[in-house]
């Protein structure tokens, strides 16, 4: 199988944008109470509408710590709609009091290690040349079947749990340990073991993986949604000991937020 | 024992938030003295109340150096209450003169290497399958016993010593040296040796370890409380030579502060 | 061939400047609508003219995320003209509301691994001493022929596709793996394999490579233009598994933008 | 000697704070000349007094380059007094025009490799158990003798030379080369060789080493005082070839300043 | 020769300060045209005078990209004069509209690998003990002869070419590859090969190397002056393949500027 492509098949769904903002509290306070009320009404009106978008929805989180005060998470069908969301938010008068501290652009992604191995083997068994039109058609058939079967996971609504943990990550490409030089078989084995840990937490945490190669500074983004934030620590600590994380995972910044319904924005922004 | 889980059991207690702030001294000075007095009164009122919260308390430190002027440390029962603390502080008029320079989010954590080994061995000796319901119950029993026995260390009040040293840290996951690939036995041995140094300083320094995997950018936060700051240097220098620190410890920024009771906030903020 | 120079021949074309800007939305909003209209008219007038410059043209992109709001890409015949472009933009009243967040300076570059090997071998076969006048002339003849043959790729107009992905990159010079210590033959082989992936995406993505050694902080800049941004991810992910990228590629920040014709600048900047 | 502690004895003296500031020149210029004169008088009054503090003194340096305009160096008997110095400076009206760009917190430290080896050997020779009360007393006796003998070096005044070079540094803890895993004998040998270079520059440069483990982001701070700044380059370049620096030294930012007596502050701040 | 010092002799000349500034264009525009004219006249008057300083001269460059708008390069006889230059510039009213973004402090340096080896060998051959007074005198004689012979290169005027490329660099001290552990013979051989590339570009680029160990964050600064900026790329790319650069060179930020005579400052700053 040495000549088969080393690239695992992936299928993609929703386009995701995470926006982290710091509020300029002192400027905000300088406004009159009626001005603030008006701006809150305008902003919570738009955000409530975005909240109700289902698979094209948005959600607001109050961040813990200094990395930002608010995190907005947008799920959309494509980048054009994310760009539209950016434009709509900028038109809010409240936006003048927000300062972008970070962001993350990605697409929901499902890696298909198992299907990849089956499809590559089957096509190779039929003597199909990699990257020939027949090969490409065979691959596309697999992808299309998977896209249909996985549609609910590719195009999810934003889970409603009170806590969100978001972080970006890479697979290591070190001089000694390099994920991209491991064989498909080895990578597949490690990803399966990794997935088994996740499965043990299935009832307690909802995980959405998005790919960001070519979109942002890390390779993947991870969103974890839970009712109890301790689960974030338990899950990620346990994973840190499995081979793919212990050896190959590199992590960016961690953001933890508390879900804040648009209807509660006024309370979040209240100064009295 | 090769097939037993590699993850040490941990028990968690209080949720911790460290907030570092720089004061905008020039804006502060521009206020009239009565305005400043009023803001100080409002802020020290709230902080005095937070100070008296016991296991749900807060403390104020005057930082040395440019990483911030003030550090607020909050111990709470959960993240929701930390988020509430953030909201309360933002409502202070003094808050308009504070600029967040850093922060850290974590939970008090006790690592149970010894209990882990005993429990895993005992369950394995009884032929219990890892992660089976019976196994999970056995683990939960151990955790519950430990949580009760360790409650005072899991839910501490903030020690009253005049000096605090706070820093975050990681265990190294290098290409050659990787903590998460060491065996449970080896890690347990190194942690025991590490703990013996700490014990020699028991009378001079109070140490609170908090876990932050999944919460913030490093894996652990360390708070050291002492009457004489030289002890911070002595203790950490001595530890730097033990195996677990010499080989596996990576450190973030160090913050050193002098405890400033809320009642002295006025004196700290006085410009005349 | 051990004594032949290790340096691959390159030919250069257009000078490129990427400028990333954040808009100061709150200051922008504070202007009266007629003032804003006037500034938009002035800016979109200049940008429309720059847009129509063909091989000396510019293009505007609306960025996704917080790395900037707008990216301006300038293709010019030399650095003097890039400096002139900078000066013209600064004179716009709109410029007062823009804050530079990043930039990249480079020159369109074509690496000639194949021609290099042929030319070096042929000159060496004729007994010509490297760096002798005769050698230099032989090299210059090759370069000149290539410059003429490749002129359309050296002096391109900015492709009109709606999506742009820009990122800078290096070839690794690690202690163990070092691109610059690989033999010409090995580098040439790896670059050929790398190029074959790109060719499979030829219909879907337009790639412009620019060299920036001596000009900016990374060695190369990469611009990818496509109608569907998913192609960025597919192409770069597939490339990450080929030897030259897996082992030797180091990446900087990724910027993704949506093409915004100068004529639509008013709509981009509209706040109502 | 394998079981003796690996930690070299150290003795500590003065507490040090380096403060780097940028002046907000445009705001400074906006003041009326009499206002500026008044602020200069107030500031140079306080600084002149601090300058005359001897072993509890301070000094002002005009920095070269953009890392700051002024560096204040404070030598005090403890951290409490450093915190007091911070408070006093903030009360200056001039302070409103200063922006902290960096700082460093440390304590004058003398490493006693030679005494350590002698003391450990002697105690071990008498059969004294490490960390027993008798051992601790033996160590404390050595430290106390050394503290008395070294008092002038532990509690120095700030040398009066016109040039100061300050930088922080670490000893490497790499995966292959790790200072903290070297034997006491090896470390002692390397430190002795290192010291011999310093001794050759004794007449030209005055060196004060301070420890900052547990206080700031690096392990040590180095202050070099000289009449000719070329000596900084000569000394550090020569040291870079000795084993302990070549292999184990990691350096932070370098700050170079020209001594500016408080009496000349007015001239430094003059704008006409 | 194992016992001879490993440090190559160097001779030093002019003190160099590079200052990078961003202009606050929006504040600048807010001034009345006559105010701006006055400030331009004042600034270009001072800069014209500095420009004419010969070996104690300064030059102004318009930077490409966002790392700054202007770069000022100062050549002076010592640090005191650089500090004076800083003071003079701060007094300009234009200075209020400049924000320092970077800087670099260094001294023109010539490394004397060949003379070092000859001198060390000759002194050793005469049985002179390293660092004895006789040895020191022998070294000083060599340095003095070289300083006289090299005076024009040690105390250069600023070349007048339209393009400048500036960057700082280090020699690697990695765990595996460490420049400072290479033998004098090997370092000398590599530097000679390195120099031969430079010589091939002698007619096209003027190179000034300055040492910054003990002065700034990198070990050396490199200034390249040329009529065609493509030469920067050609030269540095070719050098990247020679052993000393491929293995041991680490680079900081690159700054590229277009020479802007003081007389043209008005045109550079014009907004209409």
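Going in written order, the chains are labelled A, B, C, D and E, and every chain counts its residues from 1.
Note that in this section contacts are C-beta pairs under 8 Å (C-beta built on N, C-alpha and C of every residue); 3 or more make two chains touch, one makes a residue touch a chain.
Just so it is clear, the structure is predicted and the values come from calculations on it, not from any experiment.
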Chain labels contacting subunit C and also subunit E: none
Cα superposition of subunit A on its sequence copy subunit C - rotation in ° rounded to nearest 5: 70
Separation of subunit C from subunit D, taking each centre as the mean of its C-alpha atoms, in whole Å: 46
Euclidean distance of C-alpha centroids - subunit B vs subunit D, Å: 29
Per-residue multi-chain contacts in subunit E, two or more chains: 175-176
Overall pattern in which the protein chains touch one another (line/ring/star/complete/other): ring
Order around the closed ring of chains, commencing at subunit A, then subunit B: A, B, D, E, C
Touch list for subunit A against partner subunit B, complex: 22, 25-26, 29, 62, 64-67, 162-163, 165, 172, 174-177, 200, 224, 229-230, 232-233, 235-238, 240-241, 245-247, 249, 251, 253-254, 256, 258, 268, 270-272
Of subunit A, residues touching subunit C in the complex: 5-7, 10, 12, 17, 19-20, 79-80, 82-83, 86-87, 90-91, 93, 95-97, 100-105, 107, 131, 173, 175-176, 178, 180-181, 211-217
